[in-house]
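Presented sequentially are two complexes of chain A, the first with chain B as partner and the second with chain C.
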Partner chain A sequence: MLDLLAQTGLNAVYAASYISLVAVGLVLIFGVMGVVNFAHGELFMVGAYAVVALYADLQVPFFVAVAAGLIFVGCLGLVMERALFRPLRDNPLGGLVASIGFLMILQSLAVLGFGVRMEHIPPVTQEVLSLGDKVRLPVARLYVIVAAIVLLSSLWYFLKRTRFGWALRASAQDPEAAMLQGISINQTARIAMFIGAGLAGVAGALTAPLVSVNPHMGHSVIVTAFIVIIVGGVGSLEGAIVASVAYAFVHTFVTTFYDGVLADIVGLSLMLIVLIVKPTGLFGSADRA
Partner chain B sequence: MPKYIVWMVLLVALLLLPHGLSFSQQEILVFLTINVLVVASYRLLTLTGEWSLGHVVIMGVGAYASALFSKKLGIYVPVTMLLGGITAALVAVILSFPLFRMKGFYFLIGSFAASEIIRLLWKRFRDPFGGAKGIKGIDPMPDFSIGIYDFDFFEPVSYYYFSGFIVAICLWILWRIEKSPVGLTFHAVHWQDKLAEASGVNLRAYRTLAFAIASGFAGIAGALLAHYIGTINPNSFDVEVMVFVLTWAIVGGTATFYGPILGCIVLTVLNEIVLRELGFEQMRPLIYGAVMILSILFLPNGLESLVQKFSQRRADGLAPNKASKGAAE
Partner chain C sequence: MISNLVKAGLTRRTFLQSSAVTAISAGLPGAAFAADKTIKIGFLAPLTGAVAAWGKPGLDGCQIWAERVNAAGGIKLGDDSYTVELVSYDNEYDPAKARTGATKLIREDGVSFIMMLGGDTWPGVQPVADRTGMLFSTLLPSDLSPDTATLFAPTEVHPIYLVTGVEWLAENRPELKTAVMCAQDDALGLPSVATYLAAFEAAGIEMLDEPLLFDPATTDFAPVVTRLLSKNPDIVCLDTCYSDYVHPIAEQLFQQGFTGQIISATADFYDQMIAKTSKEFMEGFIFQFPDFDDPALNGDNINFEDPNGFYATYNERHPGQWGAVSWEYASIMDLWKAAAEKAGSAAPDAVAAAMKEGGTGNHAFGDAKWWGTELFGIDNALVGDWPVVVIQDGKAVIKGFRSIPDWYDKHGDLLVKHMQAYDQMWDQRS
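Now for the complex of A and B:
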């Protein structure tokens, strides 16, 4: 029993790692630009396909493929910022619709390029860490956990300790005041979009060998990310991380001991309860709407 | 030209329309008719300023209710459609208690969560909802004859006439509601909520009323769909369908009654007929997504703004004196 609990806890830590990468990116984009990026799950999917194309098909080393996925998806984010979100800055529903349009384009490009069937990716490593008798951690999952910790702490450092980070947080708090201080809103939007999209891409790239890669995999990712950012408080990075961990544990444990559909219901109910009791989320500030 | 002649021409055109189409296009026409009711009822909800992501699941509530009423209780099919609508409205009233504690963006997300829970409950409980496979073999509409025309519901044309008739009645009721004092209050709740509240309008009650009415008509639309295709499952009402409804409303524009309907018709014809005929089968979502992006970038007020511009210009052209007089003053 204890083994099972430990194993499930380990699985939850793995799930929390990639969920928090996706959710933090989504929060960053929402915070700085005020748009709900519905295509975020598809950015995850593109990251996964970068690994399919480079690592599985072209035999590029795995970590080079992951880095390429990060940069490629980050650039995709720049394209979205310039072409969609900047012209629609004063139209929040517009940004949402445009991101849905972009989502459909990305999905059908993936179908055209790779077909609808699931992609088979050769495992990166077969190594498994044994912690105790029955508790095992595949090294491929360990990569995801380590990458999440490294990336999120460097993001934290960037936001709290560098001038760019200050500018980014300033324009998230109050765009007009930030502009008056000489901060370029377009510049901070670009940075936020590159980082936010890049994080989704790297999460997709790292998990690609562990999940079934298909053009429609973004759907469940975006639903999870939404739950997490609502529970954590829209616009709060710390909240997104804490909520990712909480959600991953609840979801993984309910899936293990009951079933997956029930876990989804529990997760959504959690979000609904948070919305009813404290709509700004666990870490949200009161004035954000 | 008197107004009723326009309506007569439109009626004849709609009656003749399916006879020039192929079988699959006739089927699309039936879906289009039902979807018109879905977007039109969705607009009633947006009148109060709230955008829901649960409208399609509410429609599914109507579909499931109508299917179960006819299958398990053996109620006569057209009656079950009405009951489906009523069930959907009741579910909406229940949902309104948690949901209307939120506004704006939170309502959008909250409605998504609530509706997704309903959808997952259908998936989880095999009895009576049939689990992931849903309900199969839903009783079709019984055939009947009205003297000049025999309704045979294996033919899409017959179902098109039947659903068209129901949808037309529903649209008329929706139109009357919007133009009634209640409808005007919906507008007030959206644009002047503080003033309306100070004038003694119970905002919460009117929001709930709009939500319940919109959901009731969505439920009828769902029931129409269920008895046509004969099989429904949780995936027929997932968020991707909702995204389509949202797109129709936004691309069409929600400032006028016809805006969302226009969006629905134009985008469906473009997606299902033009792109299919041109042989872009694989690339349809790609082009559809591009059209969405282009229309939101270059037509932010929707297709209805084009119609308004056009009719404005024509009115100016017909009455140049009036226009110049107005300018002189």
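Now for the complex of A and C:
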């Protein structure tokens, strides 16, 4: 039983890692730009296809492909900021609708470029860490966990300890006051979009060898991310991380000890309970909700 | 626009003459085309999305079939020969889109027959079938009911053929006594779960746990596999999981240290599974869909024409894409063609009557009978032998053909019992 609990705990840590990367990126974009980016799941998908193209097809080393995926998807975020969200800055609903259109474009491009079938990606490594009689952690999953810890710690340091980070937080808290202090809203939006999109891209790239890569893979990711940011509090980075961990543990343990369909119901119930008890989410503030 | 052309030196008379010539020329290919008699066949299956692996390879196979038939003179109805033209519509495994597609294929394209994957999409199409009397085929006889008079399951008898794999396993690996199972919670997964439960019970294999159902949107299968392996089973059954699930589940079984027997309805693109795990891990993996270069398909019992040549052509055009359904829709076309030629007509009711004449038919894997009244409420499923396929040394090998009706005669009550428990009998389905 202890082995089962430990293995389930490891599974949950892995799930929390990639969910938090996606959710934090989504929250960052919403926090700074006030846009609900429905195409965020497709940015995850593009990151995965970067690994398909570079690592699986062109035999580029895996971590180089992941880094390229991060940068490429980050740049895609810059394009979205400039072409979609900036012209619609005063129209949050317009940004949302534009992101839905963009997700369809990305899906269609993936179908045109790679076909509809799931892509085969050779394993990065088949090494498995044995942590007990029946407790095993594949090293490929460990990469995702380590990357999430490193990237989210770096983001925390960036936001709390650097001038750009302060500017970003100031823009998120009060854009007008930030502008009056000489902070460029366009620049902070660009930074937020690059980081937010890049986090989704790197999550997709790192998990690509572990999941089925197909043009529609972003759908389930974005649904989970929305649940997480609603539970954590819309606009709260800390909330997104805490809610990712909570959701991943609840979902993984319910799947393992009951079944996967019930786990989805419990996950959604968790969101409903939080909305009833604290409508702003665990860490949300009323002005953002 | 016209005035600009006139200004440029083109007279109104010349323009009108040119337009007339162009219009007549444009009509000529159509007239010539009409002289070539054509029968249109509809292909209404998922060509994109998570279930595309059970649609697109089938369309590719049908294109090869149509080319072969057309090269051999087409379909002969009475004294006339007709070329075959496939018209496809991507239903994305969505009932509403399937309904739109069926209507479009019938009204706008004028097809004589529509092939479907079935499952979740059939309820969307059934009203169209009822209204038009169009002849449809499904790969999933679990779609059949007394209300589906124009729906046939002439090739794949999913999930009933799954009993043959378990029967073979029990005979050849009698030391394996316990099993667990997982499946996606949908119209494909549930009847398959019921069938495997019946087959395991008939074979004396104990289920250690209730079948673990997961949401079709699942992407991380580690918790599912952890749960399965926590029971220490001899056998892990992957039910009729889509290949998008079979691959990551197999990979997780490998990574979490499973060394027992795996049985599954399909193992599409198994070479990729071997690449993600190992040849040793995949050795002995049992499934139900052969590669058509298998020598066992050259026997006299096989009704599929030139399976080895078909497989070679398919792999030449679509390397690495061969899957469970690559041959199935083509096999349905074989049956439809034979029935239409027998009837001397492509009219749906005439073809349906000819297809079922005598109560038997030429199934791809041998002569079979129209069957299913007890299980489906209608005998529109063509049931006979089905192959058991095992991965040996990295290659799928047919280990034998097993009779589905023979199994049903012995254990049919078990199948009915489990189908009822999962609300999968024809009179339970909504």
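As a convention for this text, the second predicted complex is superposed on the first by the 289 of 289 C-alpha atoms of A that agree within 3 Å, B and C clash if a C-alpha of one lies under 4 Å from a C-alpha of the other, contacts with A are read in each partner's own complex, and residues count from 1 in each chain.
Note that in this section a contact is a pair of C-beta atoms (placed from the backbone, for glycine too) under 8 Å apart; a residue touches a chain by one contact, two chains touch by 3 or more.
All values derive from a computational prediction rather than experimental measurement.
Once the two complexes are overlaid on the shared chain, A:Pro138 sits against chain C while remaining clear of chain B.
Once chain A of one complex is fitted onto chain A of the other, the partner contacts of A:Asn11 are limited to chain C, with no touch recorded for chain B.
By the document's definition of touching, of the two partners only chain B reaches A:Ile276; chain C does not. Of the two partner chains, chain B is the only one touched by A:Ile100; chain C is not.
Using the contact criterion defined above for the overlaid structures, shared-chain residue A:Val111 touches chain B and also reaches chain C.
By the touch criterion defined above, A:Val261 reaches both chain B and chain C. Of the two partner chains, chain B is the only one that A:Phe226 touches; chain C does not reach it.
Of the two partner chains, neither chain B nor chain C is touched by A:Gln173. Taken together, the two complexes place residues 111, 219, 223, 261, 264 of chain A in contact with chain B and also with chain C.
The residues of chain C lying in touch with chain A in their complex are 47-50, 52-53, 56, 185, 212-215, 217-220, 222-224, 226-227, 229-230, 243-245, 247-248, 251, 254-257, 269, 272, 275-278, 321.
Residues of chain A touching chain C in their complex: 4, 7-8, 11-12, 14-15, 111, 116-118, 120, 122-123, 126, 128, 134, 136, 138, 141, 210-212, 214-217, 219-221, 223, 251-253, 255-257, 259-261, 263-264. Note for the complex: chain A touches chain B at residues 36, 83-84, 87-88, 91-94, 97-98, 100-105, 107-109, 111-112, 219, 223, 226-227, 230, 234, 261-262, 264-265, 268-269, 271-272, 275-276, 279, 289.
Looking at the complex, you find that chain B touches chain A at residues 51, 98, 101-106, 109-110, 112-114, 116-117, 120-121, 123-124, 239-240, 243, 246-247, 250-251, 282-286, 288-293, 296-297, 300.
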